[in-house]
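Here's a structure for you.
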């Protein structure tokens, strides 16, 4: 999983039928020593708000782990982060 | 999923049999602070036009989520983006 | 698999139901000649401590190989490294 | 899928049994504004020649989409490119 | 698949049960014009020696293609390279 910050949302009216009803959030991955930014889009079933830090699962984990095995989903918000205990 | 811009299309006559009938579009991923470009090719069942911004699913999500579980497809246009509400 | 160092842990109370009971560790991948850092988050069923070097499996291997095929997990600590015998 | 150029081939006599009979080609991915090169190796069932531009599928799409679901194959040439119509 | 050089091996006594009995090798991917190094760890059932050039399959191909569909394995040495015929 990666840690990301929710920075926006996406509106898409013409889309694959099995995506209808999902909310699409723009995620900025958080790297420690690296300001390079390569945003991604994840579905949100948890209710994350813009500005929150979230845990994002990618690949088949997003699709299968969120109960949508037949939808074209490759990233999902799976947790909202309260705290990161970090060393180093 | 990633956000991309449709920048072209591909013509391929000699190809894997289970790809016949698909349209192949060239996609330029959109990064926020990063001009590095690593284009990819995605199938299009939605009807995206050149210049449009699209949502692209990658990996097994593209193949299975678009109803072609037995085809060698690893990227698909799954939505056309009307608007991106962004913060930050 | 990649070699990483456990640098912290994550607290997330609002999360996908099928993630409950897992421990989430922050992992710093170890590259040889490259100080670029792109941390990831992996579940830990082995009992790795902060500061330890671990073997991390990614993708469907993490989910299926750790006996949680229906959970949105894309990275798991699968071994604690005692020693790396290296040449070159 | 990605666009690549076939730049060579690989000879491997000691290999996994379920790879026997496949042709392995070295592929140089084509990026638009980026000269960084990270070659990959793909199987070829289409008959691509050295110097040709090809469409390469990666991940489980290569293995399953080319009818070899039980072989350790993560990249396959799935089409030979005749023409790329590009805008920008 | 990628081409890599075997540069070492890993000792891990505390590990996931379904990894027991595997040999873990450190692999340095070979890029053509790029000295950036991001090593990975792959299991070896072929018998590769340190210093040899190998073909490495990644993702579900490693796990399923090497007959260990239930193990947390995301990279495997699947061939030892005798020769690379290269153009360009």
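So that you can tell them apart, the chains are marked A, B, C, D and E in the order they are listed, and the count of residues begins at 1 in each.
Rule of thumb we're sticking to: contacts are C-beta pairs under 8 Å (C-beta built on N, C-alpha and C of every residue); 3 or more make two chains touch, one makes a residue touch a chain.
Just so we're clear, the structure is a prediction, and the values are computed from it rather than from any experiment.
Fewest steps needed to get from chain B to chain C, stepping only to touching chains, is 2.
Chain B and chain D, compared by their mean Cα positions, are separated by 19 Å. With each centre defined as the average position of its C-alpha atoms, the distance from chain A to chain E rounds to 30 Å. Residue positions of chain E touching 2 or more other chains: 59-60, 62.
Think of the chains as beads on a loop: from chain D toward chain E, the beads read D, E, C, A, B.
Put simply, chain C touches chain A in their complex at residues 5, 7-16, 18-19, 24, 26, 28, 35-42, 50-51, 59-60, 62-63, 69-75. Taken in their complex, chain D has these residues touching chain B: 1-3, 29-34, 45-47, 55, 57-62, 64-66, 76, 78-88.
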